[in-house]
Amino acid sequence: MRRFGPVLVVVLTIFALWYVSSFLMNRTWVMDQATRAGTDPGFSEVLRETMNQDRAKLPAPHQVAAELYDGVFNKKVTSKRSLVYHGFITFQATMAGFALGIIAGVALAVAIVLSRVADLTLMPWAIISQTIPVVALAPMIVVLANAAGADSLMVPKAIIAGYLSFFPVLVSMVAGLRSPGGMQLDLLRTYGASPAQVFWKLRLPASLPYFFASLKIAVAASLVGAIVGELPTGAIAGLGARMLIGSQFGNPMIMWSALFAAAILAALLIWIVSGVERLAVRVMGGGQA
Amino acid sequence: MMRQPSVVMRIGLPLGFGLLVLILWELLVGAFNIPPAILPAPSEIWAAIERSTAILWVDWVQTVVKGALTGLVIGSLAGFGAALAIDRVDFLRRGLLPVANFVAALPIVGVAPIMVMWFGFDWQSKAAVVVVMVFFPILVNTLAGLAATDRMQRDLMRTYSASHAQTLSKLRLPAAMPFIFNGLKISATLALIGAIVAEYFGSPTKGMGFRISTEVGRLGIDMVWAEIAVSALTGTVLYGLVVLIERWVTFWHPSQRRGR
Amino acid sequence: ADDLTLQLKWVTQAQFGGYYVALEKGFYEEEDLNVTVKPGGPDIAPTQVIAGGGADVIVEWMPAALAAREKGLPLVNIAQPFKSSGMMLTCLKESGIEGPEDFPGNTLGVWFFGNEYPFLSWMSQLGIPTTGGADGVEVLKQGFNVDPLLQKQAACISTMTYNEFGQVLDAGIAEDDLVTFKYEDQGVATLEDGLYVLEDTLADEAMVDKLTRFVRASMKGWKYAEENPDEAAEIVLEYDETGAQTEAHQKRMMGEIAKLTAGSNGALDEADYQRTVDSLLSGGSDPVITAQPEGAWTHAITDKALN
Amino acid sequence: MEQMINNQLSLHSDVATAAAVIQAQNLSLTFQTNDGPVHALKDVSLDIGKGEFVSFIGPSGCGKTTFLRCMADLEHPTGGSITVNGVSAAEARKARAYGYVFQAAGLYPWRTIGGNIRLPLEIMGYSKADQAERVARVLELVDLAGFEKKYPWQLSGGMQQRASIARALAFDADILLMDEPFGALDEIVRDHLNEQLLALWARTGKTIGFVTHSIPEAVYLSTKIVVMSPRPGRISDVIDSPLPRERPLEIRDTPEFIEIAHRVRDGLRAGHSYDD
Amino acid sequence: MEQMINNQLSLHSDVATAAAVIQAQNLSLTFQTNDGPVHALKDVSLDIGKGEFVSFIGPSGCGKTTFLRCMADLEHPTGGSITVNGVSAAEARKARAYGYVFQAAGLYPWRTIGGNIRLPLEIMGYSKADQAERVARVLELVDLAGFEKKYPWQLSGGMQQRASIARALAFDADILLMDEPFGALDEIVRDHLNEQLLALWARTGKTIGFVTHSIPEAVYLSTKIVVMSPRPGRISDVIDSPLPRERPLEIRDTPEFIEIAHRVRDGLRAGHSYDD
């Protein structure tokens, strides 16, 4: 209770604010409609109307909750109306992109740390790569992946997700592989250790805390990438596609529920990764704090 | 230990690499006869840039100056302020932080249409998207930074019986600066991307995101790349600017000084 | 069976009912074709997909196809299942707009991404600048939904008879509260959903044969969809993998689409083509296309397919 | 033995209470750690009179730092009580009674040496002119004149340590608590600073608590030497020095000095497990 | 005075060269820093014979660490030459001639104490059985038996320091270089480890280079004491100890001991600016 008390209070406060905002934001539409119909609704009527609008500017919390519950629990998980189904499709692309991002990030970091030239040439471009809007590249990635003969829609989605997630891994791994101080390196020099030994016995273990710390950011970035990638891949399935179709076909509740489902999925992924991190830190004998 | 690379190397090598890629790109596009609708050659992109500087400028002002920078400033200040509040009131830390965490996980693709619905088509909605995007990195990094003082540094302040404000201004904020700048570096790139993506969901007939999404449909891929180039250049300059200010502000941090 | 890929212009919906019916009812199979239908979406330009080799045939609007042709992508119309245009501008009556002469000073929502050409040529024919100001119209790049009208961010928005217009009504705005301008009625209609291929595909005998069978089967699908709109809508719903579409909406869309396909046997009507081209050429200072296109359409396929 | 110490302590209290500045009564502090509780201090009682120079000596981990931190209200005892100037340690801290020198220098890297020394003066609201004057004076005192504008990381470890001492001396705290302030210094510098510290003490009449690992240092400086032993941390001996307040360096060769040093060494040795 | 030292040095060289393990000739090392060059070592010449125990003492920043690092090829001299076992320092390093104890413990936090000690053994390819046997032996030697499975941060500073000494003793290096290894330890533990170190030295006949700030420690341990002075870092005195190799702790009260200590102190004092 001590732990959840504050969260509860804050969440309740947010809900209260949310309800008030819902009322205020949705009222315009209700009043407009009344004007068009030539009626003059009382306050309680307006209140009721604002709380249950199909196309609310800001749906009330209970509406979103109901839609989420419906999408998650009231549908067979294999049904294409199930949020679990779409969440899983997005999850798959996220994981594929995450793996791609980790591999690319680690590989680049190793190259950058081992080679001065790679450092000076690649690092600026890694930064520049992140200033390019993915949405602009996405269609080209889709077309090129297509042209390269990838017939699964997973491939371009995973590439886009990987594109977003490799960077945090790269930055952290570079910092981590460089983290051993002068004395730690000198120690191995006095042993006449080979460069490979320095890498395996010092740099790599020293980088692991940095690596795990970056995974949380990377997995969130990967999810965003997967969702962004679901728009130009034909918006066929996945949370991103559902958001878009919900919005396009005048069913914003579908969009809101997909949006919250995505946030919950992200929270879940981050929570799992943090768990893995804690476990790894324990195994690595860390946890000084 | 390692010698500091000269400025020539630091600029020449990445530039050389970039040039190499451009040349290869140009040659490959020529050799494989790749249609410009898929991938225009760098020379064509450059031609588009020269041809459309006026349009590029208008788009840049709309997206970068009005959307991204406004959002970046507001979002950073908001994140910073929230961090100070959360830091001051433990109740908020335990209550607001998990919620903020959750909000940060909302994907931009979903947030953008809502912001357009709420704040209209013009730059205000783009700035709002940027605010949402940069708020969290700044918040988290500032909080981490405020916690980055070691016990002895804080105890010293205790022995002086310094007030909360004094401890903040003389110890914790200076110590937090490296973290805050890390957050700013992330935010600077996010801000651009956020402003551009938001334009996909409704915009006036100018802006980098508007141009990109429109020109793809018109097969003006050279123009798309021109905007991408402008975006990359802007992002890099923005990032570099943050790095420069960081150097100046956190000169004392070990990462900013080699040797001693 | 011969493989063939069709890239749609937008997401799975009754707008493309004929192709889905042909797929579901086995009309393609009967022609010994193995057709893959790729839905579109925002950020997918069918012209770019076909240029990249991602599709053999695309569904595209003629203005975008001709504009791409001028950009050097040699697209050729091989069939035109849509006879009339479903595009219109829908305005709130309370905005005070009664006719095109009332547009100046107002904000209008327009789809871009290649869909803006009909609007732009209409405005240039009306002589209304699209750069804002008191005598011009303020143009908004409209997103994927009808919110701008509901939120009164624009006086008018672009709608399709078969899709967005219904959404406006569903949202609770009565038809009486709306003023609509159909492009057809304004005499500025341009040809919509046609089938396009790259020119060099037509030089290949085997491909021509394949396309012939494809068009034949597709038109069979369209006829079936026109006659059985509800079943066609059900089929479309089957293929919508997002599960976000509703039956009512797709049934209505199919009904409206049937009105647009009515009157086309699949072959391009040269007069319609010329009207479209003229409209696009008349864009004043900034026409969509600058010269009469050559070889932008062929009857070669439909002639074989429909006889 | 415990009996004896207690006797001695209570005896001692009677003498000193009149002007007692710091009074610890049955002080205990237990840290809760993952491996179980650590009894850093257990039933420690001690009185420190006004103007005394008290050294704390004992094996690593016996609770010297913890004791000093309790005095300065940096650690909250889990048992017993501690009063400073008749009020609680917290109130004394808020009244800015302490100058504290930590075991490590702990200078703020974003401030110059001068800026670091100025820090407490800024916080306590000294005037600009007063600040400048004081900074110059204490820099002189620790032989760092001319280094005012350097940053901490531009100085050697020993110089940093001296700067942190200067920082604690810059303002007028009644009580000076120093945790191994001279640990990083070589013998010559150490001797020099020892002399300086004695002179300062004589001049200002501050009450000083001083942790050290060096027996000669403890004997040379103190009016009272507190020997501590570990697990749990407690006081094993309190030695009142008979040496005069005036102490030239040569006093270290006198028989009295050597005798006290012997007693301290014996007390220390008792805290270790080596049987030699 | 300089003349005198040089004389003494060259004289000394003649005696020791026969079995010289480390020979430094006019060694200089200048660091280029933002503030201009720092002359850490200047024209330093020294011969260390096989089986000698050489202590380096001198004020903070006089170049002791730098000199030791040059011997171990961790720093590249900017002038002069250094040979180890007749080959260059780099070759000697690659031949794994050194055991080095750094000024700070520098244990790898992700390895247990046992794992840290095993590190050099893994790198040098000792067999698993041999590794286990050696780890157990050196842990015993530094009184850390039972702590093999603990992580460094679970140990006090002094214990960490001892673990790092164990790490350097685990493998068979001819030359042991120790940079203030006992700095963080209290006097009693220090005495104990001094004895242990002397015993180990007597048993193995290793050549030892040892940096310390403590005069008694230097005199107690060494066969040769090198006194250094700063700015620029140079050798100001080399004292060959006449004390016997067998040294009980009580030797520290003998007149010979006190006399050598005096000479070291004088040499040290010359390196400081204090005029007392």
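We just call them A, B, C, D and E in the order they show up, numbering each chain from 1.
Operating definition for what follows: a residue touches a chain if its C-beta (ideal position, glycine included) is under 8 Å from a C-beta of that chain, and two chains touch if they have at least 3 such contacts.
Predicted model only: the values in this text are computed from it and were never measured.
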For subunit A and subunit C, chains touching each: B
Subassemblies held together by touching, subunit A left out: one piece
Cα-centroid distance, subunit B relative to subunit E, in whole angstrom: 51
Centre-to-centre distance between subunit C and subunit B (centres being mean Cα positions), rounded to whole Å: 38
Mean-CA-position distance for subunit E and subunit A (Å): 54
Multi-chain contact sites of subunit A, meaning residues that touch two or more partners: 57, 135, 139, 143-144, 147, 231, 244, 247
Shared-contact residues (touching 2 or more other chains) in subunit C: 42-43, 45, 48, 51-52, 143-145, 151
Overlap residues in subunit E, where contacts from two or more other chains coincide: none
Touch list for subunit A against partner subunit E, complex: 183-184, 186-193, 197, 201-202, 205-206, 208, 284-286, 288
Touching residues on subunit A, where the partner in the complex is subunit B: 3, 5-11, 14, 25, 57-58, 116-117, 120-125, 127-128, 130-137, 139-140, 143-144, 147, 182, 220, 223-224, 227-228, 231, 239-240, 243-244, 247, 255, 258-259, 262-264, 266-267, 270
Touch list for subunit D against partner subunit B, complex: 69, 72-74, 93-96, 98-100, 102, 104, 106, 108-110, 119-120, 122-124, 151, 153-154
Contact set on subunit B toward subunit C in their complex: 35-38, 113, 116-117, 120-121, 199-205, 210, 213-214, 216-221
In the complex, subunit D residues that touch subunit E: 35, 58-61, 154, 156-159, 183-189, 192, 195, 213-215, 249, 265, 268-269, 271-272, 274, 276
